[in-house]
Structure formats: C-alpha cells, structure tokens
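Chain naming follows the written order as A, B, C and D, and within any one chain the residues start at number 1.
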Amino acid sequence: MDDLIFTAASIVCFLSALAVVTRKNPIYSAVSLILFFGGLAVIFLLLRAPFVAGMQLIVYGGAILVLFLFVIMLLNLREEELGKEKGGRFKAFAAVAAGALALLVIVPVMAAETARDGFGPLASLPDGFGSVDHLGLALFTQFALPFEVTSVLLLAAIVGSVMLSKKHV
Amino acid sequence: MYAFLIPLLKIVVVMAGLFGAVPVLVYFERRIAAFIQDRLGPNRVGPMGLFQPLADAIKMIFKEDIVPDHVDRVLYVLAPVLAFVPPALAFAVIPFGHPIRLLGDRIDLAIAPAGMGVLFLLAVGSTSVYGIAFGGWASNNKFSLLGGLRSSAQMISYEIPLVLALVAVLMTAGTLDLGRIVAQQAEFHLGILPAWNLFHQPIAFLIFFIAAFAETNRLPFDLPECEPELIGGYHTEYSSMKFAMFMMGEYVAMISMSALLVTFFLGGWSFPGIDPTSTALLSGIASVVAFAAKVAAVLFVFMWVRWTLPRFRYDQLMNLGWKVLIPLALLNIMATGVVGVA
Amino acid sequence: MDAAAPHDEPESPPAGEKPSLSEELYLPEILKGLATTFKHLIRPEKFTVEYPEKKKPIPQNFRGEHALKRDAQGRVKCVACFLCATACPSECIHITAGPTPPEWTDREKYPTKFEIDMLRCIYCGMCEEACPCDAIELTSKFYQVSETREEKYFGKDTLLRQPMKREYPDQG
Amino acid sequence: MTKFKVNGKEYDAPAGTNLLQFCLDHQIYIPHNCYHPALTVAGNCRMCMVKGKGLDLRPGVMTSCTLSVREPGPKQEMLEIETEAPEVIKAREGVLEFLLINHPLDCPVCDQAGECYLQDYSFTYGKDRSRFVEPKNIRHTKDVGDHVKIWGNRCIVCTRCVRFCEEVVGTGELAVVERGDRNVVDNFPGLPMSNLMSSNTVDICPVGALLDKEFLYQARVWFMETAESVCPSCSVGCNTKVDTYQGAVKRFRPRENQAVNQWWMCDIGRYNHKFTAAPDRLGLPKRRGTTAAGAVEWTRCSLDGALGDVRTALDRVVHAEGGAAVAGLASAWMSNEELWLFKGLMADMIGARDLGLLTAPDGVRTTFKKGFVIESDRNPNRRGAAEILGRAAAERGLATVLDGIHAGRIKAALVIGGIPEWAPPPELVAALRKLAFLAVVDVADSPLAALAHLVIPGATWVEKDGTFTNAQGRVQRFTRALAPPGVAAAETELLQRLAAASAAGAPDATGAKVLSAQSVFGDLAARVAAFAGLNYHDIGTQGKLLAGATGAAAAAPAGAAASGG
C-alpha cells in the first residue's frame, strides 16, 4: 500500500515539477508548484512526518504560493509580454546546470543510503517520531540555538524588506 | 470487506447530510433574511415555500452553461471544484458523535479519526483560497480578478488569527486529536457548567468566530463579491452549475466552519445528559443530534449576523485582521502559556 | 484638530462627538444590532403585499398604459394635431393624419393611424398634458405583458380598447 | 440718398424706398400680414404700425408699408419712425385682437401652424383670452383651384392671393366677396384658379386660409427637415426648398432668387416629386437571367458585384472590338459632376467612342405677367451637358449611337441617369434591344431598365448633392435631403466606383475612395473652360453664371420686380 501511494505521489511530484519549469504561462507554473507541494506532503506523510507534511501545505501551499499567484495575477502578463522563447543554447545550458544540481543532491544521498543497508523499510523509528511533541522537544531543547538564530534571521529579513519598501522612514 | 464498507458508508452518510443541508440552508437564509426585513420571503413553491430550493436547483441545472470566449478554460473549469472540495474535505476528521459499538465492532463517528486532525484541517483549509483566486483570474475580467485577489488576501490574513486562536485552544487541550478535544469538553465543572472551551478560551472563541466569517466570505466580510463595487466578484462570469458549485462551496464552507466552531469551542457532540463513555447506539444517535443542533444554531447566527451588520470597507477589514485580531491572539497565547505554567 | 496630519486615515471619525467606549469596542453595539434584527425576525406583521391575490390601491395620478378616448358618438376624440408627438420626449408616438369621413361634420382631420411604441415610452405623461382635446390619457394599467415586441407597438384599435381611468376596477 | 431715422438711429436710402421693406432688410422686424415685396402695397392688415414724425406726417401711429423715404421739404423735419414705441405695441395688440375676432382657434388642426404669421404675432402681441363673446362668423370652406382649398374662417382678408393672381400671374381668378365682417376670398363664379402658378398662393397666405390639397395633413411643419435644392422640372432651375418627413419628400417650396425665379415656382415643378417614393424605385441591383423555360428572370446581386461586372463587360468589348463598339448614354437630368465623371469614365478610361445625351421631351413655354417663365426644355441640365460632353455629343450623339447600333457596330452600352417617369422614344428602345450588353443605371423600374442585362439603382436629385446648369448658364447647387433607397447611391459614387473597379474584372470596388460632389466639381472647373473660375462653395445659394453666360435666356431679370425689393 505504501509503495503504491509513494509511486503515485512521486509521479505527481515529478510531472508537476517538470511542468513548473516548462510551462510558459507563469500561472500554470505556480499551479503546478502547488500540485508539487501536495505530492511532497504525501511523501512526508509516508515518511511518518505528518507535522512537516501539514506545514508543507499550510505554509508553502496555502500562504507563500498564494502570494506568488497574487503577484503573477496582478501583473497579468499577456502572451506578447512574455516574450519569445530563449534560444536552444540557453536551454542546453539550463539543462546541464540542472543536471549538475541534481547530481549534487543525488550523489550524497546515494552515498549515505548505501553506506547503511540500502532503502530499507522505516520500521526502526522510535515511537512518536514526527509528532508535534517530538518535534517541539527537539526544536526547543537540542536545536534551541539554531532555531532562535533562524528566527532572528527571519526577523532581520522582515525588517529589511519593510525598510526597502517604505519610501521614507 | 467489512472494514472497507464502514468508512465508505460513513463517507456517503456524511456527504449526503452535507449536500442535503445546502438547499435547506439556502431556504432558511432567504426566509430569515425576509423575516428580518419584515418581508415574507419565498412562500410560493410548495407549502411555506419549502420546495423553493428544489425549484432553484432545477433552474440552476437547466440554465445554459456558458464558458465565455476570453477565459482561461482549464482554470475556469477547475475553480468551482476547488472552491467546493476543501470545505467538504474538512468533514473527514470532524467527530460528529461519540464512538458506538455496532455488531461487536467499535465505530468512531468520524470518517477518519486522525491523531493529527487539527493539522489536516488547517492544511486543507489553507488550500480553499485557490478556488476563488483561480476563478477570479481565469475569468479574465477585472472585477473578477479584483474579487479573487481580495478574497485571497482576506483569507490569508484571517487564517493567521484563526490558527493563532486555535493554538491557544490546543495548548489547553494538549492534543491535536479532535476526538480527544471533544471528549475533554464532555466533562463538567462544578457538576453543572460544561467544560467547553468557550469558557476556557473566550477570547480565542471570539477571534475564531470573527475569523470564521472572513474565511467563509460571509457578510460583514463578503468583500470578494460585494456587488456595488465588483458586480459579482469572482463569480461574475460563471453561470449554471458552475455558479451553483461556488454557491454550494460557500454554504459547505459555512457548515464546516460551524462544525469546527462547535468541535473546538462548544463541546462538539457532547451535551448534558449524554454519557461520553457510553457506546450505546441510542446514546450515539443522541450525540449526533446534539452536534447537528449546535451546528444549526451557529449557522443561524451566521445568517442573523449577515442581515444585521453592514459590509466592512477593505481597509477596515485589513486593519481589524492585522492590527486587532492577530495581536489579540498572540496575547491570548501568551496568557494561556503563563496560566498553563503557573 | 491637527491640520498638518502627515497622512489621513480614511476611517478618521468626523469632527464632533467622540465615540464612547462601548462604541469603540464594537461588540456591545453589534449585540444591540443583533437584538434589533431578532425583534424583527420574530415580529409577526410583514409589509409584503402578495401581489396577484392582493393589490395595492393605485393612486389617481398613476401613469400607466395609454388610452385613446372616444367622444359621445364613440368616435376617436383625437384630431391628429400631433401635439402629443411634439411633446413626447422619447418620440414614441407615430400619427398619420387624414381627412375625416364626410359624415363627421364637426371636424375635418383625424388620425388614420395612431401608434405608440410602448417599449420606447417612458410614461412621463407629457402627451396627456399636451393634448388640447383631452383625447389621450394614461390609465392605471400597469401589468404590461406581451410575448412579442410587436404586441408592445400599440395601434389605434388597442389604444381605443384600453380601459378608461375611471372605469378601472382597481380604482379606489 | 436721403437721411432718415429708425428707432433713433440714422440711415440712408434712396428716395422712394419702402420703409417697411427697408426695416426688414436691416434686421428691424415689423410685423406684417398683407405686405409682400412682389405685390403692390395694400395696407389693409394694419399690423405694420409704427410711430412716425417729421415730413408732413400727422402725429400718431401709421402703417409703415405705405410710408416711403422722402426728402423733407424746406420747413419739414427729417422722417423719423419708432417701431417699438408703447403706442405702437398697443396699436398692434388692438389690431391683432380685431383680426382674431373671427379667426378660429384651431391651430392644432391647421396645417399652417408653425409657419403662420398670425400665430407668431398672437404669441408676441396677443391676449390669452378673447373679449369677444358673440358667436364667430362662419364662412365657406371650398376648393378654389386645382391644388388649393380655402378655409374662409381663417382668412384675414389680406388680399395677398388676390393681388398675386392679378399682378404676378395675370389671370385674376380670385376676389374678395361679401361685405363688412363677412368679407372672404373666393374665386369668380365659374373661374377656378387653375393657372400654373396657383400653388404659390399657399406660400404667400400668411395664415392657414389657403392650403395645398396635396400636402394637407401630411406632416406638421415643425417635424420636417428642409434642404435647399433646385427644381429639375424645366431648364429654368427654380430655387427650391425640399421638406422631408420620416424619410419621404412631403413638399417643395420656392426659394427666393431674383435672377431666376423671383419668389415663385410653378405647379408642374412643385408636384413633381411623387416618383421619389414610388413603389417601383430600385433599391438593389439586379441581373437578367433566363429560366429553364426561357422566360426572363431577374436575380438580385450586390452593388460591388454589379459594378465590377459592368466594368468587366465593357472592358472586354473594348478589348475585343475597340472603343467604337461601346457607347455611353447620359441624361440631361444628371448633375454637372456626374456628367463629368461619366465622360471621364467612358471616354478616357474605358475608351468608348460615342457618347450621347437622353432628354425628356419638350413642353410648352409659358410666360407670366410679371416675368416668371416655365421653359419648354424640361431638363434641368441640358446646358451643362452641352458644355461638358461637348455640343456635338449633346445634340447629335444619341442619333450617332442609334445609327451605330443599327449598323451593328456598337455592341455594348452603359445608360445612366434615369429620367423619372419618362417614356423613352420607341426607336431608342428598339435599338437598345439589339445590344449584346446593356447596363442601365436608373432610379426606377423604367422601360430602359427592362431591356438591361444589369440594372444598378441610382439616386434622384433629392438624394444627392450636385449642381445643375440652367438655361441661363447659371450653375446652381442642390443638396441631399434624403437617403436613397436600399443600396442605391448617387451616380457620382457609382461612376467613381466603376472607374475604380479594375480593368481585369475583379469585382472589388469597395476600397475605392469616393470623392464628394464638391471635389469632383473642383476637377471639372479646372478642366472645362466654361466652368473656369467657379468654385462649389462660392456657388452658394443663389448660383453663379458660367464664364461667358449672360443670364438672359430665362426669366426676365429682377428689373420688373425691383420696385418691390
């Protein structure tokens, strides 16, 4: 059952991710991205991480992409404004760059996984793994410092964007 | 086979109840609106106009389904579905009665009693904005677009106080399982006062209640479709069943929101006299009735408020959301934390 | 008031009374409003007049569909002077004049055709005002249903068949 | 020149100038009923009262129509009048009250309403109610002529009509009969007013007593739209006004032009408009075909298609057999511009050799007592056609064409400029029947159109702009009063689109830019010697003489009438 769902979710993820970069109309790219996050949330669920799955949908699917769509819809680009397709050379370069990036991810993962005993089942997880309590405990004890540092970083980003967007302070 | 049949049966029953409630709601909305305005409302079709929703439905079905030339077809067709599905999905995790024992099996009266129910609700709820946003954009009409954009901005804005209000509730409940949240509320303080979260978290209740209006685009926050400014808003270009699906989506969202309100704050299916530990069929039915009655009461308040308050201006709406509700919700969380620690 | 406010908030209240605390909090006021609407909700008397069964009395000066009046001998009173057509702001009256039949000794001109395009008419009653012979009148007839546009193009026969104001049954 | 004062302002005029006419000419309006510049002064309506002093005048108010400018004697003061003094106003109010004693209050049904002197004066000087309580006098209502009917009740006995018949027409059918307050105009027993100028009495009647039987009850005057035009019914070219209502011509009225028609027009021209709304007017082009049984069958076609086909057919004949095989026949009812375009198209572009002119048959020349003339030539533009097509073509062209057809030399022809209600001479019909291709541009389903292979609808002169040249050589403008029926268009447009239709035969003449009559006239004036120096705008409302024309061929110039104005 898990395998079946995983296969379906991966196919959805793969196709939608492909659509994100191939669609010419940015609206469709954004829509595909939403679909992609949906598939990703399913995969997180399969990985016994329901909180992350939920956050994936709430934060990315529900909030950030809405803002993306907001901007795209307000610009409301028409066919002629989107400009011509870039040339083949540009595309080839893009493909090579994307491939290299993919390798950067795939190689360490393969190395790490094969170092252990391959893609085994997720049976050996501790009880309550991925639950809110677990995550909360981890964040506020073990990773309290990185967590707080990240929040300071985000705060700095917010203050910075407010500074930039205000005409006179 | 049997294990597969029970959830299916639950789905069918719940969805049938949900969709069956929509025409009834439409009828009551019109009658209540009329009575509040000292009018009579629909009273021609059937006794007391009871078949009016049927006439409306038949009309909707037989209207010509127009897809204007200038629209983006894919999203135009997708939008009404997206407006309609998320609110309906929310009912997957809402417990509408206490567990019963039937033919020796324990049956939870919720389609999918999940431990992370609240998370699921929030995830699903956060996608409900897309139907309206897509509908507005795909119509390729400036009024629709503005309606869609307003709606998305409004829904994101009010989702924050909504979630923050819930956080306070979850802090007192200490769980994300909706069944357990309801079960906690079935107890009594001092033997008479039900332990509803309404009394534990009155401020959270108020914030959730206000945000619920904004999330369902109901008056006084129906800015995405406010007629004087935007004609019909995002559904200006829609007709026939597509329009009907937007309407149904709105009513289903209203029912879901009421159900959530009842579940989180008003004790869900619990009611004085119903033993929460019982698994008897009769007691189970009584709990379902109690749940439905509470939801109906909240729905009445929705309509009552609609015909009482004038529409907010958009800047007032945003001010209320960001400058009042969110800080209030944050303070509430802080207070809850302080009380909880103390 | 501070005249040099750097930016004016759109919701700044008008100069004058400051809202009280309960008004600023909104909630008590909203509850008051809800109480008012609830009173109306349960109030038994309603203002609806259920039209086909009950009818409201039509005022004496109501301006409905036109009628052409007849004189004592049952002939059309109109003398085809075109003053109604002249006064008509929507130009919906079309008259064709002609000499009267020889047996009409009292006048020599009458309308051979008298048509009103009711779809163009705005029911202003200027024709009635302009008529020197009191020959055209706006009746109280207001239920104006037809299945084709042509039916709304009233000819002389239709106009002469219209009920007169004083004969109209709904007249109180 | 003699000095005198009107309302305190000093003026100069030759001795003998009529004071009323002088004031009217100088924007000082004095109400009047019986005075008309063409007629002798009667002074019987008493409306034109002014206050006068100086000369040997007795103090008080007097009629201005009977006053004329005189040099004061040695001991006399200068003539001085006031037209709006309080006693003058009072006198006019009194006169008007008398005039209205027996006048019925039937403006709503009176056709004169809207252009009635008495109505206007009642508005200015009248009381809102009558002090006269006795019953009004009833007078007769009867036909007094072929076109005119009198309503005696409305008559104010100004005698304009009586004087007109006496002085202008010279027949004198009308007189004032009865005495005192029963005074009324009537014709002499057994002498109906059937002269050819009788309908002018309707125009000069200041009230609704004399009315046109054909215009009776047709339209209220304030609804009508008026265009300035020229009468085409004879070569005098009387200046006219065309009154239309709801897209139809309702009446013609004469327009003053002292050099042409004075104030008048004849009954022939006035009633010659019924063909503009005739049921056989052509609105769509049609093409001759044959049914399976061999009968003639007409099919409707588009204007572009028809024009393209005409051009193709004519070009093909010229290409195959030379210009001598194609002929063009225009009519003397066409405007100068149309004739010019016709010549340009047929002679220069298509290459036809023979051009001819169709004319309506001559009538009887009639001259009236005061110089008004009805010419025998019943075509409006024969003079213009002669100047433009050349005298030879205008006079002998038709005969040459007929000979050519009979000899078998001419195979195709374009006939344009239909003469309304015209019976073509039998020899023309016989000849045209022989042609391999005949295109006819006509306004109605005429006998000529019946012979054609292609019929294209044209416009009558009330439906287009242009100029006619009358017998004097005076070029006069007429303006469009109506839209032509269906897709019919002015011949200037048809000819230009024919010219634009490609010689290769592509039926696309839509894109052609169509010049206005004004532009075409500019071209004509630049290229034809007789029209040199003329300009469409300068022709104005009164017309301009051709170079070298004396203007003597038509009505006696204004000399005879000059005493009036």
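In this text, contacts are C-beta pairs under 8 Å (C-beta built on N, C-alpha and C of every residue); 3 or more make two chains touch, one makes a residue touch a chain.
Bear in mind that the values here come from a model prediction, so they are computed numbers and not experimental data.
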Higher-contact pair (C-beta pairs counted), A-B versus C-D: A-B
Chain occupying the middle, per Cα centroid: C
Distance from subunit B to subunit A - Cα centre to Cα centre, in angstrom: 29
Distance between the centres, which are taken as Cα means, of subunit D and subunit C, whole angstrom: 47
Distance from the mean Cα position of subunit C to that of subunit A, given in whole angstrom: 65
Geometric centre distance via CA averages, subunit C-subunit B, whole Å: 45
Residue ranges of subunit A in contact with subunit B within the complex: 27-28, 31, 34, 41, 50-51, 53-54, 57-58, 61-63, 66-67, 69-70, 73-74, 76, 131-132
Residues on subunit B engaged by subunit C in the complex (per definition of touch): 32, 34-40, 206, 304-305, 307-309, 313, 315-316, 319
Interface residues, subunit C side, partner subunit D - complex: 79-83, 85-86, 97-99, 107-109, 132-133
In the complex, subunit B residues that touch subunit A: 72, 74-75, 115-116, 119-120, 122-127, 129-130, 133-134, 136-137, 145, 148-149, 152-153, 156, 159, 163, 176
Residue ranges of subunit C touching subunit B (in the complex, touch as defined): 10-11, 27, 30, 33-34, 36-38, 40-43, 45-48, 50
